[in-house]
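Naming follows writing order (A, B, C and D), and every chain is counted from residue 1.
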Amino acid sequence: MGTGRVEAFSDSVMAVIITILAFELRPPNGVDLAAVRAQLPGLLVYVLSFVFIGIYWNNHHHVMRAADRMSGATMCANLLLLFWLSLIPVLTLWLRDDYQHALPAATYGAVALVAGASFNVLVRTLIRANGQDSAIARAIGSDVKGKTSMALYATGIAAAFISPWIAYGLYVTVALMWFVPDSRFTRQSRA
Amino acid sequence: MGTGRVEAFSDSVMAVIITILAFELRPPNGVDLAAVRAQLPGLLVYVLSFVFIGIYWNNHHHVMRAADRMSGATMCANLLLLFWLSLIPVLTLWLRDDYQHALPAATYGAVALVAGASFNVLVRTLIRANGQDSAIARAIGSDVKGKTSMALYATGIAAAFISPWIAYGLYVTVALMWFVPDSRFTRQSRA
Amino acid sequence: MGTGRVEAFSDSVMAVIITILAFELRPPNGVDLAAVRAQLPGLLVYVLSFVFIGIYWNNHHHVMRAADRMSGATMCANLLLLFWLSLIPVLTLWLRDDYQHALPAATYGAVALVAGASFNVLVRTLIRANGQDSAIARAIGSDVKGKTSMALYATGIAAAFISPWIAYGLYVTVALMWFVPDSRFTRQSRA
Amino acid sequence: MGTGRVEAFSDSVMAVIITILAFELRPPNGVDLAAVRAQLPGLLVYVLSFVFIGIYWNNHHHVMRAADRMSGATMCANLLLLFWLSLIPVLTLWLRDDYQHALPAATYGAVALVAGASFNVLVRTLIRANGQDSAIARAIGSDVKGKTSMALYATGIAAAFISPWIAYGLYVTVALMWFVPDSRFTRQSRA
């Protein structure tokens, strides 16, 4: 089974999630800077979620490209990943309105954590389908970056109950960590 | 006529339906667990509809891949299938608000039933276009699983008027039945 | 210039229009048949618009497939066509609420008419780019069906001011006329 | 790295942005011409934004087609471009309601300006990845049109504080300027 149609479907879902995020932005209630400033928290949460989905799209792209074959389990893991990502818009709405509270901040991290776990399962099914010597297995390696992300999300969930701002700091850290292009795949494509 | 563009169009429609479902989720009206709990029925209906569309996408994928040719009738049947699937988001909204009543539960089953019938017609037009000896004809066989699903949906529609919960139980049973990977196509692709 | 990416873009836009139509459907305000019946006009308008977009998607598919080359003018005509089609959801909303009035019924016909004219321009730019002896030029021929549709829409616009129901009758007639598979392209693909 | 999947993803995002624009159109509050006329400003802003996105889609198409290779930086620049474009729907909503004020008019121009800058960065990463002798480097040349657009947007932002109508005039001028097919790529494809 090739990876083409699964890529196209996943792209569609992620593209629509990004634009639904944009769709939920509200225009300022007025025409002065104060009205614009009142929309800032919503805009920042939007940027975080946009970057979050953008990173998944990027990694999904790399992983699918590195794989030649996929299994039925890959399709299930992919659908599960898309399910968690599809919850991001509603969480973004919740964070926009209640960002100074513990539970919304922790829930955002929890969905990010299970999305990360689903991506991890997706990658493992691809490695199993392509073999331990395949390009994708060598490219992923011990996956330090993935494991660090999940540890940071888990810490963020707990830290949200001390202060949501620590949680947001950790989530932004994960986003920045992934924004740096992944040398593993670059190395791979050079070889 | 190849199946490429019809696949791409159907993928788009199904991807957008899934994210519209997500879009209709409402954030909790508060920041404690009670507020989250109040959203649970809506989330469960969302999961059911998400899995429902996901299964159609998966089966559509297998069936289209197994077919080499399609006819004008296939395009009509496909449009009809997408029409019924496009009603799922509004039914999900209805179920979210009125899940303890007979009529919404029965209507959900009725749309699932006619969607199943449309898929059945779609498959038959593909078998006619590709011949009784084609890969798709051998893969579908007597289609016990499809017929069982339709019988369960029909039972669910009637049972909804006794108790909606029996209907939901039957709908979940169909979903679980399809979640197990379809050995017919696996067998096929091995041969 | 090939037609691939324009097809993919147009497919996306039309797929999203169809699902936005579905998104604007409202669940019944109640759980009895009277509540369902109150949604019927909206559902019928939805079916009309769904079939309308579905027919354009189908014809677009045939026309693009029959063409080998396209020009910059084709891209402009295509964008214009998509613009008119993108007005269908808001007109569907208007018709849902005010279907018994002349102006909404006439406006629906007017947008259908200019969409038809844009499609006509699109086809002409394709014929110019591919030559008078090309497959697409032979397939389109004198385009009786297209001209009849535009005449019926024009009649419908005027008739809406006598009674909107005559207009709806004419719009449904056009839809039925196109639902019959277009023998011109079938003939073409046989040859 | 090929440009295929990035094209498909960008197409999806832009297609959804266009239809979200359409989705935000409101039907007239009545059935006479006065009610239609009250929607006119919203419709004109919609047309401006539709054409704006349409031009980006068109240029993106040309640029991606002219490039053979892309880098990780291209993917980042592309995501940044899509981010700015995804703000267009909410700005369109703001302009619809407050078009006679300076700040909304200036903000629209500011987002158009940074979107233009992102597109410029995108093109430069493509030139770096494909070489100074590549088809894309020769096609872009000194990019007078791109620089003029950014100057007009910058002027528009300042002019909005004198009168929003000057700003709108400048934005429409940019749109018209790009609507004329880009001879650079036509020349290229002839050679």
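Some notes on this structure:
In this text, a residue touches a chain if its C-beta (ideal position, glycine included) is under 8 Å from a C-beta of that chain, and two chains touch if they have at least 3 such contacts.
In this text the structure is predicted, and so the values were computed from the model without any measurement.
The chains that touch chain B as well as chain C do not exist here; no chain meets both. For the touching copies chain A and chain B, the fraction of interface residue numbers used by both falls below half; the interface is of the different-residue type. The geometric centre of chain A is 27 Å away from that of chain D, both derived from CA atoms. Our note on geometry: chain A versus chain C, Cα centroid distance of 38 Å, whole angstroms.
Counting partners per residue, chain D has 8, 12, 16, 23 as the residues that reach two or more other chains.
Residues 7-8, 11-12, 14-16, 18-19, 21-23, 25-28, 30-33, 36, 47, 50, 54, 57-58, 61, 65, 179, 181, 186, 189 of chain D are the ones touching chain C in the complex.
In the complex of the two chains, the chain C residues touching chain D come out as 1, 5, 8-9, 12-13, 16-17, 20, 23, 72-73, 75-76, 79, 82-83, 86-87, 89-91, 93-94, 97-98, 101-104, 107.
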